[in-house]
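Read from first to last, the chains carry the letters A, B, C, D and E; within each, the first residue is number 1.
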Amino acid sequence: MPSPLSEKQIVDIGKSNKRKYILEKFSARLFLFCALLSVISLLLIIGFVFYKGAHPFIAEGYSFIDFIFGMDWVPSEGKFGIFPMIVASIFATFGALIIGVPIGLFTAIFLAEIAPKTIAKLISPAVQLLAGIPSVLYGVFGLAIIVPFLQNNLGLAKGQSLLAVIIVLAIMMLPTIVTVAETAIRAVPKTYREGSLALGASQIGTIFKVVVPAAKSGIMAAIVLGLGRAIGETMAVILVAGNSLILPTSLTDSVRPLTTNIALEMGYAFGTHQEMLFATGIVLFSFILLLNFVLAKIGSKGGK
Amino acid sequence: MNTTVMGSNKEVRKGKLSQMNDQSADKAKISVNDLDLFYGEKQALYRVSLDIQEKEVTALIGPSGCGKSTFLRTLNRMNDLIDGVKISGEIEIDNENIYQSSDVIKLRTKVGMVFQKPNLFPMSIFDNVAYGPRMQGIKNKKELNKIVEESLRGAAIWDEVKDRLKTSALGLSGGQQQRVCIARAIAMKPAVILMDEPTSALDPISTLKVEELIANMKKDYTIVIVTHNMQQAARISDKTAFFLNGEVIEYDETSNIFSMPKDQRTEDYVTGRFG
Amino acid sequence: MRRFKDNLLRGLLWFSAFLTVAVLVIIVGYIFYKGFRLINFDFIFGDYSPVGHGGIWPMIVTTIYTIVISLLIATPIGILSAVYLQEYAKQGRLVRMIRFATESLTGIPSIIYGLFGAVFFVTTLKLGMSIIAASLTLTIIVLPVIIRTTEEALKTVPPAYREGSLALGTTKLQTLYKVILPSAMPGILSGIILSMGRIVGESAAIFLTAGTVAAMPDSIFSSARTLTVHSYLVTQESGDIELAAAVGIVLIVIILVLNLSATFISKKLNKADY
Amino acid sequence: GNNNENGKDSSNGSGGTISISGSTSVGPLAEKIADKYKEKNENVNIEVNQIGSSAGITNATSGVSEIGMSSRDLKEEEKVGLNETIVAYDGIVVVTHPTNNVKDLTMEQVKQIFTGEVTNWKQLGGDDMEIVVVSREDGSGSRDAFQEIVGYTSGELIRNSIVASGNGNIKTTVATNKHAVGFISFEYIDDTISTLKINGVEATAENVLQQKYSLSRPFLFVHKEENLSQAGQQFIDYILSPDGQAIVSEAGAIPVN
Amino acid sequence: MNTTVMGSNKEVRKGKLSQMNDQSADKAKISVNDLDLFYGEKQALYRVSLDIQEKEVTALIGPSGCGKSTFLRTLNRMNDLIDGVKISGEIEIDNENIYQSSDVIKLRTKVGMVFQKPNLFPMSIFDNVAYGPRMQGIKNKKELNKIVEESLRGAAIWDEVKDRLKTSALGLSGGQQQRVCIARAIAMKPAVILMDEPTSALDPISTLKVEELIANMKKDYTIVIVTHNMQQAARISDKTAFFLNGEVIEYDETSNIFSMPKDQRTEDYVTGRFG
């Protein structure tokens, strides 16, 4: 075989390589810049929320402790206590996680591993579709169906309750969790399944011992994204929570999570009241950061 | 139910076999009759019939793409996993039609497999080897430790990995990985072991060790091995089947296949004159 | 025992899937049941009027504007960020920081995004209440979704592809767009579909940045009302659930069309590879 | 986009864009009037954004909008530099589930309900069932006015009351719960809920105008003098004109006379 | 910049080599000096020094895990991709220190590679083979067609795939895939070709064809091949290096290595008495 490249071509390649390296360097910088945009956005948002939210504590002499642990929220009388809301947020989020995550993951596993192809092909897009239904409509659905259902079946005076919030949030998490987790599970190499099945492991054993652990990172992503949806949700929650300012003591109490407090009153708030809503945002933020931190810890622990 | 199937099948089988190979009819561990296999439209196996004897090593040889792997994978029904695979014909193991019985798990516990490419799980070496036994319900730590050590020794890899049993199996070199795969299969103590070019990624030393191992295991197990290495086939197998384009061209004692093949194509192939 | 456990788990899998599907069918069924009566040509293609149920054509146009603009900005940035994190960055503090930032962004309630957008894009950058201000806000909202899903998709591309390509004397960039991104495409696409859902479903962040003007936008600098904001206002203010549901039906159809075209595009892309 | 500048550009003629934002209660009314107004003045474009009273006031102050809408009186701090115009009044009515047989309450009873002194419909001559109070969010113009007239403060409001955002929400909540009682603005009355008389007086616009029915509050337009374009001024004038006030009546609100 | 580096290195290199291997000092295509390689803490190569001659086939043999693949991958800097790899020592190709020059692309265009496991892209067969040339900017359809056909013929796979060039390459059997990988490397017409057990997944026929091909290519190219097959090493290579635990134990003419090895360990290994 003759050498394929003439002298001139070799020179050309040398030149174009230089261009390639420049492009390479440039693109690496560009990619980094893109990645940094998220950080910049986050910093801007944090800066903005903190700037607004910290003001009453720094300049107006409100006590942050009273804010966090206060039981009363009466803005027109200058009482800003959000303890009941913090409790409500925690209960609502964990409740939704406990219901939504297993159902979502199991559905994803079902679609990726068990369902006949035709069924999966039908359901997966349908589930993705549901990720796009506006939360307001979930709220309307909750208000018109779930709330009366709870009221009638549990013999309550009102169905707006922590339980209604949990159910609605769990439902809203489903599409995200199912879609992301299903993709992750499908991506597990076939050789893993073969290896396990050839050892006489059952299909279910294979799924839970090999496939799911191999898809762990994607599954964590599914949970994080689903959780984000649950924590960040406001519109649907406003409609079914009842938004009462009491410390929830049972699933049937009506509650006001932190997010709804902000969304509910922001349109009308002014001055200190508005700043306190931003302060509520700070608390929410810390809550989210803490959760992410915990999830990341769980994720890396499972990785070992 | 099994008994009736067995009974009825036995008769059919005997009838067929008696015409072909009288003396071994009752001993055949695996009996394949008129097996056709299609990947969708594409036929990959044509009327394959062969009896594999218990406690022997049977080698499958033939050029690339001739269907050796495909055939091997029908023996533990791994092809069930591929969409659009159609199978007709009969495969009996221990006189039981494996495609009629629905207990694939039992089949695969009984028929172990080592693949062409190492396919360890993303877990520690220990967990990989202990995987099968654990799935069978063995929880006892001591017992598992024992199984894992024995299996790794059996696959001639114990010394290399004994200090890193708890580290990820994916950090091993190709050859090391393949030997852990063998250990993983051995750990199940199956009756039949299918091996798809198990030594193609091994160096001669490990290969020799594995070959020795195979010779050793023959005492207790039935082994079916796909190999591209003629010498290996000649060295370790009792019977050899030569595949070509999805057909079994010749199936006989290994010595016969290599010294006095009946078919011209077999001769061409084993002497390297083929193509 | 093992059998029993297997069957139990299998039963749970079926049950969960059934539950998911049932819930979703009920919700969609409810929306159609409530809103179907209002759907007609005039309702969809008519101009809005404050009396009666009004046409929703201006809201449809606004919704499509926000989807297109947000995705045009967020998709490249998101994919490239994920590429940076997965393919370029050395695992270290910077990557951890970026990852932490994106993860935290996913959890921020949309109302906070709305407030931020209202102050930053609307007031500080002087974009006014406008489609563009809302789209930029939405970009930040969906960015983490795209980044995270793309990252996962990239992780599933076998390292052997990278090695195979690089060993042929290609640059990272070439390897990226010829081999890695195409094989990660399905995953990326599902991220984009999720993002569309998030954009379409957003209300709080939009009405604070784009406003609620119920008229056909002149340009992307006009203040306007998306379908979701419309159904939100209707629910909140007049309690007209039929109207909200009818808007919901239109939204579902729009999402369906977008999803199908996304799937179609990905199929096309895959074909082009062969 | 730059509504503000557009407004200034048109300060000599009567064309251009008038941007209005604020209260969600005033919004629908403003939309209806704007719709009619545009029919007559084709070169005028009116943008109505319903984003809440406070946001509207802020926008009017910062110049993002030319006119702000408020359904409540301005706080002292908000008043700086803003002109207020009352463009209509709004009646507030106490509503219950249609099956509730309590149809008339005294103002004192209303207060007792909302402060939690009375917790069972039985105590008001109705069936033996718990009362579920539905209120608006703190800061809402309707709530401010309602509380002021009924005579209780936010601090006194019964704690486990449902807080619903918007008239529509209260309506839906009350319409689907037999126990519930709430208050909404006249504009939103329909037959899914039953309206109560206060001290025996029916909740109608007439009764408000004749000062027999006391639950009402003003709808305000606010603007900064320097931001108001000629077109904007003309629009405000139009609302206050007989034509404009006719639309106000039609929409269910109460004209300013 | 490159020129200065080249100049200064040449002197060092000459100095070193003249002590070791006088007559071949100037012709060495690849010259490796004192190469140490670490995967994180773990050292995988120890002071490896060897000169690979132009237009010869150099075989690397040794037991599994001894560092053959690792060494091979340093020659086209594929180890750059692995985090935590540290390298010291010198590797020169055509008198140019490949770890000092920053043009990895040029290096890899010049030094082709075939991996142990087939790693075709999820594209058509045609696109796989045309991939490299296209990336070098060759757009012309005719030219590409020609390159693809030549390369596939060269890899002894043309006849099997010529009718399905536009179908996915992943539908091929293992052996077929590996041969397309070889074709893909050949398509770049590199000066040096590194092969990591390229025939370990091939049947004897294809193996023979590839061996013939290698023998043919030797006229124009420098080939470095890792193999576990002693016979193969003996058949096709001019020089053989025996690796053990990351060290080069012996490096010599192939005939010497197999007939009269100097080191006991080499002898043990090539005669299969090792371990």
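Please note the rule applied: a contact is a pair of C-beta atoms (placed from the backbone, for glycine too) under 8 Å apart; a residue touches a chain by one contact, two chains touch by 3 or more.
Just so we're clear, the structure is a prediction, and the values are computed from it rather than from any experiment.
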Once the contact rule is applied, which chains count as partners of both chain B and chain C?
A, E
Minimal path length between chain C and chain E through chains that touch?
1
Of all chains present, which has the mean Cα position farthest from that of chain E?
D
Across the interfaces A-C and A-E, which one involves more C-beta pairs in contact?
A-C
Between 0 and 180 degrees and rounded to the nearest 5, what angle rotates chain B's CA atoms onto those of chain E?
180
Intercentroid distance (Cα basis), chain E paired with chain A, Å
49
Per the C-alpha centroid definition, the whole-Å distance linking chain B and chain E comes out as 33
Approximate Å spacing (C-alpha centroids) for the pair chain C, chain D:
35
Find every residue in chain C that makes contact with two or more other chains and list them.
2, 158, 171, 174, 235, 241
Going by the contact rule already set, what residues in chain D reach two or more other chains?
24, 51, 55, 165, 169, 172
For chain B, give me the residues that contact two or more of the other chains.
117, 135-136
Taking the touch rule as given, give the residues of chain A at its contact with chain C in the complex, in rising order.
20-21, 23-24, 27-28, 30-32, 34-39, 41-45, 48-49, 102-107, 109-111, 114-115, 123, 125-141, 144-145, 171, 174-176, 178-180, 183-184, 187, 189, 202, 204-205, 208, 217-218, 221, 224-225, 227-228, 231-235, 239, 259, 262-263, 266, 278, 281, 284-285, 288-289, 291-292, 296
Mind pulling up the chain B residues that touch chain A in the complex?
76, 78, 81, 83, 105-110, 112-113, 115, 117, 119-123, 131-132, 134-136, 181, 184-185, 188, 190
Using the touch definition from the top, list the residues of chain B that touch chain E in their complex.
61-66, 69, 116-117, 160, 172-176, 179, 197, 200-209, 228-230, 269, 272, 274-275
Can you check the complex and tell me which residues of chain C touch chain E?
90-91, 158-171, 174, 178-179, 182-183, 273-274
Tell me, which parts of chain C touch chain D in their complex?
49-51, 122-123, 126-130, 207-208, 211-215, 219, 221-223, 233-241
